[in-house]
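Two complexes follow with subunit A in common, the first pairing it with subunit B and the second with subunit C.
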Partner chain A sequence: MEVKKITMKKVIVAAIVLLAGLLITLPTLANDLSTLVYGADSDVQGLSPILTNDRVSSNVTDQIYDTLFVRDWNTMEIKPSLALSYENPDALTWIIHLRPNVVFSDGTPFNAAAVKFTFERLLDPKVAAPRASLLKMVDKIDVVNDLTVKITTKYPFGPFPAILTHGNSEIVSPTAVAKYGNLMQHPVGTGPFKLEEWVPGDHITLVRNDLYWGNAPKLKRIIFRIVPEGATRVGLLQTGEIDFTDLIPTPLFATLKDDPQVTAVAPLGTPIRYLSFNFQRKVFQNLKVRQAIAMAIDRKDIVTALDGLASASKSIIGPKVFGYDPTAEAFGYNHDPAKAKALLADAGYPDGFTTTLWYGVTGDYPVVAQVIQEQLSKIGIKVELKGLDWATFLSATRKGDQDMFLLGWTNLTADGEELLYPNLDSDNIGGANRAFYSNPITDRLIMVARKNVDQKVRLAALEAANAALITNVAWVPLYDQLNILAYLNDVHNLVVNPNQSWILKDVYKK
Partner chain B sequence: MAAYLIRRILILIPTLFAVTVVTFFALHSAPGDPASILAGPEASAQDIANIRHKLGLDQPVINQYFRYLWKLLHGDMGISLTTRRSVTSMVLVRYPNTVRLAFASILITIILGVGGGVIAAIRPRSILDNITTPIALVGVAMPGFWLGLMLMYLFGIKLRWLPVAGFTHPAWSWGGIKDIIMPAFSLGFLGVASVLRLTRSSMLDVLGKEYIRTAWSKGLSEWRIIVKHAFRNAAIPVVTILGMRMGIFLGGTVIIESVFAINGVGRMVLRSILTRDYPVLAASVLLIAATFAIVNLLVDVSYSLIDVRIRYD
Partner chain C sequence: MTKSTSLWQLRIRRFRKDRLAVVSLGIISILLISAILAQVIAPYDPASQRMSERRLPPGSPGHLLGTDGFGRDIASRLVYGGRISLMVGLVSVGVGMLIGMTLGLIAGYFKHLDNLIMRVMDILLAFPGVLIAIIVVAILGPGLYNVIIAISVFSIPMFARLTRGATLSAKEETYVLAARSLGAPTSRILLQHILPNIVSPIIVFATVRIGVSILNAAALSFLGIGAQPPMPEWGVMISEGRNFLYTSPYIAFVPGLAILIVVLSFNLLGDGIRDALDPFQSD
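Right, the complex of A and B next:
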């Protein structure tokens, strides 16, 4: 009897047949012209503007809800949205006139009662809204008539209209809140899109809201597809499986720039990145030490380390923010290591000292931290790097465990008050003021910018505060962030605002 | 057998209880809390205090644990601290994807590892034997995420044979199979070397036995000898190591699910750690631990099927 042997030939043939099977069909592209697919780096926390405060969530909620006012990023003026106008009969009173004939996507009317409901909910300690402090100047909210709200503040508050452009002040449907308890999974707003489907961790699909008060959106659907890895998002974009994405790792930006099918842009944004100090530490209370550190930093190297995708800055309030004055750059410190060394010796540290630099291990921070460590070593300051996960970093720096730290701030309202007050006013030590910085002069200037409704006075106060903070090295501003965005060439009218929000209602594909 | 199974299943209960204790307290002892993440860098101290109070985080950890355990015993895995969604619903969406990935990976390991090992053993020192071992060793030395990115670049972006990432088709469709090839290969390839070498040596050992010679002399086909007589006897150590591999694969999904944008439990573990979402982490780890325990139970049971001399009384 012949013995049947398994020959090498049979094995190879089987392998070839298997491989060939894989190649028969090509992947289908989601190239539907009425649908826009966005590659998001993580899932949203939820879809309630009151209960969330993360960028990914607001990317989605911004399409579902509207604010009372919006900022025109070209003129920097405050423009009507759900509200048509406001008046200030006195410094404590804001009378807001609402747009008529607007309904929520559930068909219920938008009116003064909805505004009162939303703002009172945001302020309710039982609701525990993450950004409740946004409206903490509000004393009471009265419904004057169906389309007029009167808001009284506890003290005169200048940036009030700017606050009403902030995503966390988007107006929600009171009927929907009564029905669902909260809107985390059941968003109902007045915006151009509404929720169709949400598979947690996988994707969110929004569909056109046919009851929208403005011009009908050109897109029928927007899909937010969750793809955590930057490199994977770039791959999906290059193969046309997603239409646009942001938060692209800087080394991959060049790849996308070279791809003829993709448009990659990097406009200047409001987010600033800075180095700061724990002012509770004696060594950093010495101005000469802070000046030495500011002069040891060479921003050029940092920008190079970020593949050129950053805009070096010496001003705390950036060019895209109300309160910026180009002359502020002159108050900043130029790179001058020799002078830095002399200052350090003058301050009593001729041989430098040892310290720590804390940062969250996310985004650009680890790269920037290494550049700073190297630059400070040249003037004799030995820096130990403390890279922490984001949750640990936020808690530890709030407690004051850090010596120096790296952080950024995305200015959502593009008003300098929303940068200086939380971060550098002594009111907020223990809150966002992680430098534990307290200076009666700048506190006063910030107060003028807050409690004044005359925008010219406010601008002057912000400019003065900015100059004083730069000179005093409260922070060492490093760079303004570029808002990197890439999309397929068939996507048109996609606008990314300096504060990283986007407008999708006018987007179309062709 | 039945008594043995019941005993094994009962032992699962204290094991899983221990898992809840370890995950809950390990995450609570880490610095940082969900309120600071929810509130973001710009929140005021008062905003954070309100959130902590609302989520019950201002209570002693031990109370939080017992409240969690009490609910768990009633089949309620709690509400996510970050999304305020029921943890059960979050887990149910993701668990099938992770199981699908882990099983597909083990399949790759079996095909390449066991298949390659058997072939290498029946044709020792052939070309095939000489090339399988180095390839498998490269697999061990290569991190899964890197292999994944390289595969993605070659087959997804350059050649466009396979989708770049994601499970976008039903599991049992042609599209679904193509979706899983690269992720399963990235994860499964790591296990190939050890399984291959073990299968090869185990088979070589058996193939030298007298009963195999007897089988040859009876004139049985090679296929019959290899599969029925030799492999069955060589299989026990191989099955054991495959069971252990399953544990490694369930853990490895954390990285591969991120690279390939797969909505699985592994990625949820990572996110829940970063956001300090205690109930979500506890539920995910519990589920993975239970899956691993059950797989190992099945491995033990399979011994008696492979080798009739092994009995559980």
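Right, the complex of A and C next:
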């Protein structure tokens, strides 16, 4: 009898635990119309726009903080956000007029002092912000009055307004920084949402910010659920456990297209994928060798291997980026293995040579690397693949361990300067210029595009630099990425921008 | 009087009664032959891509097991992959066995070295095998040969422990005492008297270990730290087929099944050999 009683108790306790578990999980289900659940491929580094510089973190911080300006991706124009307008009375001065009656989610008023505080913090060497270089042209920041900031640059800098649309220039609450030291765990911004909880490795929940200055967001909550495996995210989407996701493995895109419950889109984006060389290696200093490699590449096969989800391109600056000119494609090299072989023989390598191709084992890179290996073998170049984990790859290529490498660049500001200067200007050798490429002519053109405020002159300089870099095979551009995004049909107003970011404040479920 | 049977004849007879073990031996023999004759058997170069023939299902003309995401023939890759798996299994177990057995013999026979050697082995055993392998690969860099080294390293303590135990009991046997009292040198005692008498459990363990090593190598390659593409290693093939699980599941399923069959065969073969060599097994 005694034994039976204990068993009954155990059953009751188990039932209560189960019921409690169910009650806890219920509100997180995706079919709650005021909650949007996103399937993220990894956890964030942190929640401060000053101290992080990666896509996953900015997906979250973009909902919490605002920039001074935003880009209208339809017209490509710079539009007001926290700032209402700017003027530049001379080439070195930018006067920015701020939006009145804005407060941070902790109640701190947003004003010129907050802008000065944020930018000076981004530039402070003691803070060691990963993207401090974004504002490296800034000389000083003055508070003119509560709603006016005057920024003086060291030299004329054309893309300045574009930089103020970049996620790393989002404005933070000075009182919150004073209170917490940094905002990695305690984000406080002016944006439509604020942090409710962050369970590292599991999920982040944002809740509507009732003090938001714009139209109130329709969603009450956004949950960023961390699910590293792409195929698993697709499964969760199809069963309705998450509302939307991106970075979907290309073979699964067709599956989602066929699913009547799901909308899957793949608009053209700003990210470019390319093959490049280590110009410290003698063999790649030979233009004919580089031309031969460019002609050995068949972009059609690469696009096929990616299930058609890429847009083949011969231009370094892509169609969604300021500085693109459709005629640039004509400077590129077409697939011509016979001519490639002849060029290689001409360069003194009739039997080809052996080299290495380095890439990070993530996303499309392992697939593209294998296609290129096969294509180069057809002109006699024997390629050994070096697939490394992402962090190791980035540091190894920065040091110059690679012969050839495969990489991409997501242009966040959609200004060609933000592509050519970091990656191909000799100023940045040892930094993002992993090709160790140095060319006085293109350096000069890039400088014109940087240090000029006349947008027409800048456009012409970028177009010329682009054409010269393509002809000289600084990179072999492969394709522009399509920004794949999939969501349940009851999600509305969800738009993926060409720079891979998305805006959630106008999203609703019905 | 019946014809006398030698011990080995008895053992072989016993082994042949174990049907599962015989089938396993057959499968492993097929794997061995196809690995040696890969160039002759495989209809295609395992690395050559044909973009017009991507993801053909098994049974397509010319492609018995279909093609993968690059239009490469899966059957050809499977055959060449078998060569790699077998090589990894044999070499890593061979090296692990050689070093482990030597250390085990020394530890078991020389009392003053026992503690030192076996505590080092205990430390190695305290780590999960795959973790040791990841540490080795982190130091040496990814690649198939480094994986072989890694798997050898974590095989060593197991062989050492097994050999030491057997040596400890063998050295008290009268034939060893006899050899010693006749003034035989230590090397002769170890290699000619002790080793042949303790080799059976080591062979059994090595057989099972080959299967485990193949599985571990495939796991490390699946994680991207083992064999590098376009090498048709089975773990790499599964990893590359992962994204096609919904649309073309056979790309990952075929090499997965191959690993299952081969590892199971080595395990069953090991069991069969153990039963055949066991003196207490009834005939």
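The rule we apply is simple: the second predicted complex is superposed on the first by the 480 of 510 C-alpha atoms of A that agree within 3 Å, B and C clash if a C-alpha of one lies under 4 Å from a C-alpha of the other, contacts with A are read in each partner's own complex, and residues count from 1 in each chain.
Please note the rule applied: a contact is a pair of C-beta atoms (placed from the backbone, for glycine too) under 8 Å apart; a residue touches a chain by one contact, two chains touch by 3 or more.
Quantities reported herein were computed from a predicted structural model and do not represent experimental measurements.
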item: Which superposed partner A:268 touches (first subunit B, second subunit C, both, neither); value: neither
item: Which superposed partner A:250 touches (first subunit B, second subunit C, both, neither); value: second
item: Subunit B versus subunit C as contact partner of A:51, first or second or both or neither; value: first
item: If touched residues of subunit A are counted for subunit B and for subunit C, the larger one; value: B
item: Which superposed partner A:92 touches (first subunit B, second subunit C, both, neither); value: neither
item: Contacts of A:389 with subunit B and subunit C, given as first, second, both or neither; value: both
item: Which of subunit B and subunit C A:367 touches, first, second, both or neither; value: second
item: Touching partner for A:231 - first (subunit B), second (subunit C), both, neither; value: both
item: Subunit B/subunit C common contact set on subunit A; value: 231, 389
item: Interface residues, subunit A side, partner subunit C - complex; value: 230-231, 234, 249-252, 254-255, 300-301, 304-305, 361, 366-367, 369-371, 373-374, 385-389
item: Residues of subunit C that touch subunit A when the two form their complex; value: 47-49, 51, 54, 69-70, 142, 224, 228-230, 240, 242-248
item: Complex contacts: residues of subunit B adjacent to subunit A; value: 30-34, 36-48, 50-51, 53-55, 82-85, 89-90, 93-94, 119, 122-123, 126-128, 149, 152-153, 156-157, 160-166, 174-175, 178, 181, 219, 221-223, 226, 258-261, 263, 267-268, 271, 274-276
item: Residue numbers on subunit A that touch subunit B, as the complex places them; value: 1, 3-6, 8, 11, 22-23, 25-28, 42-43, 45-46, 51-54, 125-133, 136, 182, 184-185, 199-202, 225-229, 231-232, 235-236, 238-239, 241, 389-396, 398, 407, 409, 422, 428, 430-432
